[in-house]
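The two complexes that follow have subunit A in common; it is paired with subunit B in the first and with subunit C in the second.
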Partner chain A sequence: MKTAMKVANLPRLVPLLYIVFLLIPIYWLVNMSFKSTNEILGAFSLWPQEFTLDNYRKIFTDPTWYNGYLNSLAYVAINTVLSVSAALPAAYAFSRYRFLGDKHLFFWLLTNRMAPPAVFALPFFQLYSSIGLFDTHIAVALAHCLFNIPLAVWILEGFMSGVPQEIDETAFIDGHSFPRFFVRIFIPIIASGIGVAAFFCFMFSWVELLLAKTLTSVEAKPIAATMTRTASTAGYELGLLAAAGTLTIIPGALVIYFVRNYIAKGFALGRV
Partner chain B sequence: MIDRKPNPKAWLLLLPMLALVAFNAVLPLMTVVNYSVQETFGDNVFFWSGVEWFRQVLLSDRFHQSLLRQIIFSAAILAIEIPLGVLIAITMPRRGIGVAFCLVLMALPLLIPWNVVGAMWNILALPDIGLLGRAVNGLGVSYNFTQQPLAAWITCVVMDVWHWTSLVVLLSYAGLCAIPQPYYQAAKIDGASRWAVFRYIELPKMKHVLTIAILLRFMDSFMIYTEPFVLTGGGPGNTTTFLSIDLVKIALGQFDLGTAAAMSLIYFLIILLLCWVFYTVITRKGQQ
Partner chain C sequence: MLELANISKTVGGQTHIAETSLALAPGAFNILLGPTLSGKTTLMRLMAGLEQPTTGRLHFNKQDVTGLSVRRRDVAMVYQQFINYPTLTVYENIASPLRASGESKHDIDRRVQKVAGWLKLAPLLKRKPQELSGGQQQRVAIARALVKNARLVLLDEPLVNLDFKLREELREELLEVFAGRESTVVYATTDPTEALLLGGNTATLHEGAVTQFGPTREVFYQPQDLLTARTFSNPPLNEATMVKSGNRISNHNGLSFAADGGLKSLAENSYTFACRPYHLLLSEPDAPSVAHARGKIQITEIAGSESFLHLDVAGHEWVAQTHEIRDYQINAEVDLFIDTRCFMVFDSTGRTVAAPEFS
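What follows is the complex of A and B.
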């Protein structure tokens, strides 16, 4: 009887063990962030012996650090708004109409999602320098559109194809103009799809570093780049690095919490 | 099903999207094509050089080696992440507060900036101050990822498993949740074993999302750059220099424009080919 119960409970252990595995590196990072660099390099301990908030204090008082966060959040926000608003009408066109070259266009869009950022780093640097946008938030936001718009179109198209066409037709018969129908009726219906698309734009813009680093130097430098530069110049301030890393997890965690009920569907790109 | 009507004016709806993506995709790509067929001696003076750069890249040992490393890496993480992700998705609870708990915690690694992932694993795996490094060495296994190629490889693979298995889990979970309950009831009446339920109900129903998962993971791992770069810097030696790391070294490190551009195009063509396979598979599924 007892062994039978154990066998029945065994599957429950798998996700639990996986979550423990996920949390170990995060715990270690948070642990380090509460230690001074001396303590980290001096003695090995599983939790902070001399608990300190100095690392966080430094980040919140030093403009080069906290500006990094503001810069990152700024271009992520601009990119999310740009990507979703450009993707909305496009996704509608793909989900409702047939037109010359629609399939090829959709394929071309997808290839941009799959293009390695490393391929684009150098030409992007030259392109944005030549039009005078180098080292601005808008440059990074525009560059991230390369992979976020295709993704947003793809997700939104999936959600829109789940909305019955009769809704559009009824609205047009009732005399709504297209823009009015789109904004007043259609957008509220696919609000959850927009949420999921925005979540993914936020996610991929927030985690990307290669392009963001290549396109900025001082004014719009993202937090991630501040971290790599500090690592090389100021010796190796591990405690500070760990604190900055811990803080970069927080915006993501908040966003996940708000969209938790839609995550699974969004990951299936609305096409399950 | 949506009955899509022919409408040439639909192009108007695409204009904002096209303007943005074309600006970002077409212009830089043309720059790359330009560089790949020209030779320069500085001062912005360029000479036509034809396919010389392509020949050099395709024949260079360096490119072969980083391509080989890249293929082995992608194959290794697929072989681990896909089965593991499916296993976790199947054992996850379907309802109750456990669901939100699992989803939120599992999605966490996906939203950590990639260089932080690298830095995090770096301090976890350091042999002197890292928990993992200490633990493995404590077990009597000599482990130092900054010096041993094998250790560096294993650390990279484990890091990627940590980072991305959740994507496979969430996709598979979404697929599983879409299976109607009567399927399971029918299986129960037939007295089907757990394995039979998986093999004949769950796996076929997950085929579509698993295709997405495999191809997304394959392509994203094929262009991996930041995480291994921060973790190992491509070392020890060149042992973890994957394609993107090598390309950035050539393009931004050595400023070898011709070689970098030719390599970019070859790299991009490989991805395009895979993307085409991806797209065909997905649209075929949609028509069935």
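What follows is the complex of A and C.
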């Protein structure tokens, strides 16, 4: 009787354990963010013994910290808008027209993602320095386009190809101009695809560190770079670092919430 | 009046539409009849201006419209798939062509309500297309085509994806709705029965070429050639290659009958004889000249009040359509009769030599 009950609970136990293991690092991060650095370096404890919000207070009041977030959000937003608006017409062309070399070009787009970002760090750094773009939000946003536009084109192309071409034709037969059709009829149909593409652009731009760090110094310094600096210069400010980490997770979690129903389709580049 | 002058379409060296000339009249259904891949849809897309012809000109009411953008043409189209704008309500779907041409709000409302009334969509105007049944979705597409009041209306197998009852119902409605209009209506279908029910004029297509164009009943009863007769027959035509020699018409499979009546005047030669399944009878008709054959039952299909007997007649696969229930054992031998006046006779090039008269 007892073994039978154990067997019955096993299917529930396995995913439970899995989720607990997944959440351990996140829990530990949040846990640390409410501790002082001394407590973190002291005895092992599963939850904060002296609960403190000092770490968060510091981040929200010290401009070197909160500017990091603002900088990151700024270039991520610029990049997302740029990538999606450049990818929309490109994806439409790949989805609807046959032209010389279209398949090769489409594949070539994806090969941009196959090189590590480090490869592009030097050329971008030199180029932006010489034309005065170094240490600006737009510099990082443009650099991230190199990865995000191909990705957005692939995702949007998948979603667009799921819309029958007869819809386009019907709109033209009805007498709509192309811009009107595209904005009023087509974009609403693939709205979820645009959401997913924007999410992926956001995500890659938000987590990318190397290019963002190389192309900025003070004015556009991203939060991830601020975090690494703190660890090296001002000794061990682990509590502060954990609080910054926790805050970095939040925007991603928020954005994921909005596209949660389409995310699988996005990972399949819209081809489900 | 839509006129196609020597229109052809070649894609990558492949002929999709062979040189075609047609003059489609307003006020009647112009039917494009042919099996799948015979070029019906391509021909329609050429008429709409969605594709440009490789050669030839397209005239609409004496005006050359070849190469004119589809947006500038006075045309409406309904597809086989139910094509509506999924994010817009039924009302906005129907209003779409009027919005594009910039009608006043009041006018749009009046015309949408009128068309919605005809097609029984009035209670559904606030819904989205996905919330409707297939028949209702296709009605929305038809309503959008109607509300524009276009002078050329293209219907590409609009009823194929609907179930049987709805198809009948909507076909009736289409006939009614277009009856009083001056539009040129083009209707593509694969179903010979549907072509006959719609009447009007029919163009039969075979592998991208129009084999015949004329009043539907004339094309059905007096096809100009074998291809047209085959296209316009369901179940398929019963055919046999026969040779006329002296007073007999026979072939080496053992089919043979006297060349009486109208067949007397036939020159001595080899012909394709064909008759429609409902002309292949199981009892001797009262006629001046009757051809007789014996056949072996292969399969019997009973469709309600009709039976289709699939027969092996001296090595030919024939079908007899009877208006009663007939159930036979497989391999049973039956006597078959054909009134020789019902024969369609084609010469070796496929041209019609004789076809039954009709009134």
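Rule of thumb we're sticking to: the second predicted complex is superposed on the first by the 257 of 272 C-alpha atoms of A that agree within 3 Å, B and C clash if a C-alpha of one lies under 4 Å from a C-alpha of the other, contacts with A are read in each partner's own complex, and residues count from 1 in each chain.
Operating definition for what follows: a contact is a pair of C-beta atoms (placed from the backbone, for glycine too) under 8 Å apart; a residue touches a chain by one contact, two chains touch by 3 or more.
Computed from a prediction, not measured in an experiment: that's the story for all the values here.
Student: Overlaying on subunit A: subunit B and subunit C, fit or clash?
Tutor: Taken together on subunit A, subunit C would fit alongside subunit B, as the superposition shows.
Student: Touch test for A:L105: subunit B only (first), subunit C only (second), both, or neither?
Tutor: First partner only, subunit B.
Student: What angle, in steps of 10 degrees, lies at subunit A between subunit B and subunit C when each chain is taken as its C-alpha centre?
Tutor: The angle comes out at 90 degrees.
Student: So, does A:I78 touch the first partner subunit B, the second partner subunit C, both, or neither?
Tutor: neither
Student: Contact-wise, after the overlay, does A:C145 reach subunit B, subunit C, both or neither (first, second, both, neither)?
Tutor: first
Student: Mind working out whether A:P188 is in touch with subunit B, subunit C, both or neither, as first, second, both or neither?
Tutor: second
Student: In the superposed arrangement, does A:V196 touch subunit B (first), subunit C (second), both or neither?
Tutor: neither
Student: Of the two partner chains, subunit B (first) and subunit C (second), which one does A:F172 touch, if any: first, second, both, or neither?
Tutor: second
Student: If you count the residues of subunit A that each partner touches, which comes out higher, subunit B or subunit C?
Tutor: Of the two chains, more subunit A residues are contacted by B.
Student: Using the superposition on chain A described above, determine whether A:P123 touches subunit B (first), subunit C (second), both, or neither.
Tutor: A:P123 contacts subunit B only, not subunit C.
Student: Taking the superposed arrangement, what is the smallest distance in Å from a C-alpha atom of subunit B to one of subunit C?
Tutor: Minimum C-alpha separation, subunit B to subunit C, in the superposed model is 9 Å.
Student: With the touch criterion stated at the top, can you tell me which subunit A residues are shared between the subunit B interface and the subunit C interface?
Tutor: Correct list for subunit A: none, the interfaces share no residue.
Student: State the interface residues of subunit A toward subunit C in the complex, per the touch definition above.
Tutor: Touching subunit C: residues 164, 166-167, 169-177, 180, 185, 188-189, 191 of subunit A.
Student: Which of the residues in subunit C come into contact with subunit A in the complex?
Tutor: For subunit C paired with subunit A, touching residues are 48, 50, 69-71, 75-77, 79, 81, 83, 85-88, 96-97, 100-101, 144, 148.
Student: Help me check something: in the complex, which residues belonging to subunit A touch subunit B?
Tutor: 11-15, 18-19, 21-26, 28-29, 32, 40-41, 44, 46, 82, 85-87, 89-90, 92-93, 95-100, 102-103, 105, 107, 109-112, 114-124, 126-127, 142-143, 145-146, 149-150, 153, 161, 165, 203, 206-210, 214, 223-224, 227-228, 231, 238, 241-242, 245, 248-249, 251-253, 255-257, 260-261, 263-265, 267-269, 271-272
Student: Which residues of subunit B touch subunit A in their complex?
Tutor: Contact set of subunit B toward subunit A: 2-8, 10-11, 13-14, 16-18, 20-21, 23-25, 27-29, 31-32, 84, 87-88, 90-93, 100, 102-116, 119-121, 123-124, 128-132, 134, 162, 165-167, 169-171, 173-175, 177-178, 208-209, 212, 219, 222-223, 225-226, 230, 243-245, 247-248, 251-252, 257, 260, 264, 267-268, 271-272, 274-276, 278-279, 283.
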